[in-house]
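Below, subunit A partners subunit B and then partners subunit C, in two separate complexes.
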Partner chain A sequence: MKVFSSIQNTIFAVFFILLVSCDDSGENGTTTDGFDQEALLSNLGENYIIPAYTNLGGDINQLETSVAAFANTSDISNLQAVRGSFEVAYKSWQSCSMLEFGPADATILRGSMNIYPTNTTQIESNIESGNYNLDAASNASAKGLPAMDYLLYGTGFDEAEVVAYFTDETFGAARLQYLQNIATDMRVKVDAVLQEWVPSGGNYLDTFVSSTGTSVGSSLGLMVNALMLDYERFVRDGKIGIPAGVRSAGVTRPTAVEANYSEMSKELAVECLNAYQKLYLGNALQTDASGQGLDDYLTALGREQLSQDIDAQFTTVINDLSALEDRPLSVTISSNNQSVLDVYAEMQKLVVLLKVDMTSALGVLISYQDNDGD
Partner chain B sequence: MNKLFLAPLSFLLLFVISCEDSDPVDNKLSIPDTYAFDRNGSNTVSYSGQIARLDMLEEMKSYLLLADGGQQIEASKLNDMFQNQNNAYSTDALNNAGKQIKSKTFAPDLDAKYYENAFDAVAAASIVGANGTQAANGQAGLITRSNGNTILVDENGKEFTQIIEKGLMGSLMIHQIFNVYLTNERIGDNVENDATEQGANYTTMEHHWDEAFGYVGVPTDFPANTNGIRFWGKYSHGRDALIATDAKIMDAFIMGRTAIVNKEYTQRDIQKEIIYEQLELVAAATAMHYLNDALTAFNNGETGDAFHVLSEAWEFTRALRLSPQKRISLDDIDAILYDHLGDNFWDTSASGINNAKAVLVNAFPELAPVQDQL
Partner chain C sequence: MQATLENYSKPYISDLLTRKVSIAPLVTFRVIFGFMMLWSIIRFAANGWIKSLYIEPTYYFNYFGFSWVTPLGGPGMYWLFSIMALAAIGIMLGAFYRISAAVFFLTFTYVELIDKTNYLNHYYFVSLVALLMVFLPAQKSFSLDTWINPKIKKNKVEAWVRWIIPLQLAIVYFFAGVAKLNPDWLFEAQPLKIWLPSKSDLPLIGISLTKEWVAYVFSWFGALYDLTIVFFLLYKRTRIYAYLAVLAFHIMTALLFQIGMFPYIMMLSTLVFFPDKYHEKALNYLAALQAKIFGKQGVKFSSRRLTNNGSIDYNMHPTYDLNRGLGKDSKRQNVALVLLSTFLVIQLFLPFRYLMYPGNLFWTEQGYRFSWRVMLMEKAGYAIFHVKDNKTGKRWEVNNRDYLTANQEKMMSTQPDMILQFAQYLEQVHQAKGSGDISIFVESYVALNGRNSRLFIDSQVDLTQIEEGFEHKTWILPFKQ
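Take a look at the complex of A and B:
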């Protein structure tokens, strides 16, 4: 009977292996590494992501309303109100830029909201012709917050001149119409993304929470890829590196900064890095209350040091950005670019920690490429 | 029972397995692991004409890339390359090969002067490109990609290099495989498959099958070996993780060729059908891949990248015209090209790209689960 029992053992062993390998993510969302991914994802979804889109939606709605009031009565006081709404909305956007997966990706949200430097020639030619489709490729850099940045701040040296731009006899009405159209375009897209996320709408939240694991199509895989692409291309390069000349052989491009006309570049960069840190720590967007974040995941995997190093590096970048001279970033780049390049170097350290160390610890594959190479 | 019982059992098992694989029955050739066939100890496989044409297209692409880099190029040189005249190529081997691309190109494209017109247009555009003219809606010129390289596009944003190179992957390679070499006229039951051709070691039917294989662009031990893959082989391999076409295409070519040697014509036709189906799938999946890349480019506000990948998607979609048993209708192909993407890429929008994807998914339902990952 020895043979039989060893065969039996083998069968049991094979059966057991099959059973174990099928149990990739248990009923309570616990993955094979023992970490409760569902708790992490639902915390991020409910306490960071949906509040971020809710905030942005409210602020963009307010912006659209202010623009309508300004179109109705184009005076300095209404211009100030529009500028106020604009600045609030541009800051809210900083908490959403890195969430370009799922509904935002399908809606082309980032591509609609924040492509800069904006193309002022295209904007003016659209206004003059009155014939434009904001979704067309030709208008990729003629809409969104950067276009509004130009229209509200770049069309005159002071508030009176900007008001004069919008009350011009020939083009005033068309300019106001363009301002309203780009506000509405943003509002429609943000609303669409928010509606897709909330349980009362498309309930992507449920998909997000239940797609556990670390494969390419898992929520963690999608989110980490979106974070890294946004951080590398739009935060490190877009906000700092490109204007500082990192991508143009050292020749600076100061006017390529984000929010060049309203001169909010530095403020927005700090806002953005704060949002990144909050998301990493799993803190609630509104209250900053602590919750399950990527830091906790790393700690649970026995990578406590890495978990802390990333948090500390976020703080370093935020402090260094804040410590840049208190004047427009474009001016700092022209006068003291080394200070900006130093911040860039600190931002680059974060890429290594996140893209190399964190992804390998989590088992997430970076699936985006910059180019196909052909 | 004792352990000895297992010994004969495992021996028997080994025997059964090995029989299944390669026991010569009735002197039939067993299926080789690679695309290697011989008769009386000498190789019977030959497709030097196909290799020459693939080499020619590579050289033509290199010449076109000069224009992408801002240099002026000549239409006469492109026409000479197309027809292999006036020593247009860099090597005597190609110049004296007695082979050309044009005579093998899909006749309706020649009637429409699709390539000759493109040669004239790229040469004209290369003059303004050399002056540093930037592309705009209605203006051919250079446009920069996110990797810093420029591409030369026509007045509608189409990249000449992709239109010509990827276009000929369809009009030359797919056309020759589908409409010439794998047709009944070339490999049907009435084609000579007993006597070898005069001065050669292969039968006519064998040789035609080999010539079809030669247009795929893979080594004889593909997919185990992927060194030197190009054109369709490269694009199959690029999407293989999601559509698993590499082994199916290669196995079908090897098994079909084996069937020809064994005069098993039903088997030959089964394998031929697999080749039609899988190569068509590679074209559809690659078009989908580039449409996804275009959405990413829109999201990143990279118009140069968007035009590059839309040009690729355009030609991989056009290649779908060429199957005599296509699974997508000509009307649907036109809808993708002219209704959803549109002839002018400056007017293309993300929603149009999503509509194009939906048409592809409808025609190729197996792409549905991977439509966003491709």
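Take a look at the complex of A and C:
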């Protein structure tokens, strides 16, 4: 009987504990040693993500308008205007690249915006045939910002030559049309994603804020997985590693850099890392005002040192990238690849901090694939 | 030798093992096991895992000594799983039972041996139980086999036959409990301290999970549960409460963790601890249901009837034979008992084999598998493989994802034996491509139970020069708190 009552008591005790602990924290939704995930998510959603897409949407709209003006009057001053809007839009994209989850994932936004190196042969043959579907898989590397990078900068040695490329008697009109089509394609997709996010549209913001927890399907799970995938594959490898030859048995591929023709590679990489740091810190995109970020979450979990280490490593990478020689990245890779590989090594340290330490401290499952564990 | 009632009245230990008891618990377990396995296979296929785990990968981490176990490719793997599903149905219905059980054991174990990435303790449990089932006479009642050939029907089995499954379950629970008796689990509440707050979105209990003391309560209760639940299930007065605890515990783990079928398998398997009469009632209920559907020809468990005072009147059943079902061949039975003992002794030894290796078990994972260490670690890692061409001196990095799935990469990066296997596979790949003399080094970082990540493997060691095997892996860097 003694055993009997003890097991009974144990069961009661456990249920009692669960009931009591539900009870005393039910009012405000947070606990002293807990962390308000909704506050974190709504801060990221409202002050970083939606502003980032709003910005990008505005800049791509502007780009489409400038392209239309250039198509109307194809002169040097209009080309300069297009290039100006292009550079602004490419920089804005850097704040959105890592957000490839939810609406962006459904739209495959990155696939429409920034697949490089761009396929110039495919672009030219599309223009010549006039018969192409930009959504086809074969055109993934013949559209978006990289295609525009080629068309606006890679089709002539100077502005006059580029204008000449677009005013060519045979293909000028088709080329302008292509330029307009890829601008419109980007605008449509960015708008679609933005519309999905905003409360007046699909209101994914609400889903994002309410899907707390850290399981694979939770907002944090989705976002951290998207960040890691983007950072490893498209930032560390895409922007730096692949051109520097770390994936090709040490043989460098300088022309594989992002924005090879406009030579904005380094600038864009710095822009991108800045955006990452901002998102990590939960800072507002526009004002840089501090808010609840992943760093605060780590601190709340008692990992203050880690929280600071990650922030510091972001700063190191940004500084090292900025300190690269003031030349096109492709040239630096050809002349002084070791300096680029050194930056790569610092970027790699960030992968370890984010993917190993941060995810394991948060309890986020890094998995691009669903599976059981034990 | 014909056993008689007199033999069994003597209080020998051997009598405890050979005492005749109802076959019903074994039969219900057979039905439950077959059903759970069928469900597992359907779920596995529906999730697309046959393809993503056994067809799509280009490389598989085989177990040492089992490199001959390879996947069967596109249609082959689907056929294998189909055969496995048919075998599970065979077990459930008791149809061509021995063959079904043997086929199920072989196909299931084959699949598990293909890739250690997918190792789960509950798969190991299934393999062990399936092996036992091959030799247990679980088809001798309430089965298609007895319907086809009523002569094989038995109402009674020796006690050891009935208690072998509960014993197997006891081993699982007890060792899972012993494994929890480690400082991280008891005094740091790790890894639950990390995992529970991440589930704070659960309704009702969610918010309490962020509290640190809750992680301690869960840790200690979990250890206590694993260590003692079998005793409480065995003891009549506590059994029903113990089973409620089983339900509560496993429903909780199912809610909290992504551990698939394991909680359901355990909840249903532990029913085997209930006394014979419950199993007989359940089977008779099923038989009645069947009779309603199929008419008289339905497969019945037993045609015993109860007398007025509730005891079973064997005489009312004309074909009942008191001696039927008792071991007629004691030699054969002795052989079975010796094999069974060996099987059990191996299982008792495996969880302790880690003591033969120096270093921290959770860090090195030498002797970690096949030991019922369930949900004990939050371990994450990242491994960068550096290839060095020894002629040109050139060094470059490998993109693991060119060769591994995300899941394989994740599992590999925290387990030294897999890191070594992958390095040696990379050597093969590079040599096939025509690279001559190369060295491969790994720069890997691992974070264990909430500690900061640290270098895991000696990054100066050329992994192409290491031999795979069970010797202590001296190239794992020592664990530091």
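Basically, the second predicted complex is superposed on the first by the 338 of 374 C-alpha atoms of A that agree within 3 Å, B and C clash if a C-alpha of one lies under 4 Å from a C-alpha of the other, contacts with A are read in each partner's own complex, and residues count from 1 in each chain.
Everything below uses one rule, namely that a contact is a pair of C-beta atoms (placed from the backbone, for glycine too) under 8 Å apart; a residue touches a chain by one contact, two chains touch by 3 or more.
Remember, it's a predicted structure, so these values are computed and weren't measured experimentally.
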Does the superposition put A:247 against subunit B (first), subunit C (second), both, or neither? both
Is A:360 touching anything from subunit B or subunit C once the two structures are fitted on A? First, second, both or neither. second
Using the touch definition from the top, say if A:35 reaches subunit B (first), subunit C (second), both or neither. second
Between subunit B and subunit C, point out the one touching more subunit A residues. C
A:76 in the overlay: touching subunit B, subunit C, both, or neither? Say first, second, both or neither. neither
So in the superposed three-chain picture, is A:289 touching just subunit B, just subunit C, both, or none of them (first/second/both/neither)? neither
If you stack the two complexes on chain A, which partner ends up touching A:312: first (subunit B), second (subunit C), both, or neither? neither
What is the contact status of A:108 with respect to subunit B (first) and subunit C (second): first, second, both, or neither? first
Let me test your reading of the model: by the given contact rule, A:351 touches which partner, first (subunit B), second (subunit C), both or neither? second
Touching A:211, do we find subunit B (first), subunit C (second), both, or neither? second
By the touch definition above, which subunit A residues appear in both interfaces, subunit B in one complex and subunit C in the other? 1, 3-4, 216, 247, 368, 370-372
Subunit A residues touching subunit C - in the complex, by the definition given at the top: 1, 3-4, 7-8, 10-11, 14-15, 17-18, 21-22, 25-26, 29, 31, 33-35, 37, 211-216, 218, 237, 241, 245-250, 301, 303, 305-306, 348, 351-353, 355-357, 359-374
Can you list the residues on subunit A that touch subunit B in the complex? 1-4, 100, 105-106, 108-111, 115-116, 133, 135-138, 140-141, 216-217, 233-234, 247, 368, 370-372
Provide the residue numbers of subunit B that touch subunit A in the complex, in ascending order. 1-3, 5-6, 137, 145-148, 157, 293, 295-296, 298-301, 303, 305-307, 309, 345-351, 354, 373
Interfacial residue positions of subunit C with respect to subunit A in the complex: 47, 49, 52-53, 118, 120-122, 194-195, 197-202, 204-208, 210-212, 214, 217, 221, 224, 232, 235, 237-238, 241-242, 244-245, 248, 257-262, 374-375, 378-382, 384, 387, 389, 394-397, 399, 405-407, 410, 445-447, 450, 452-453
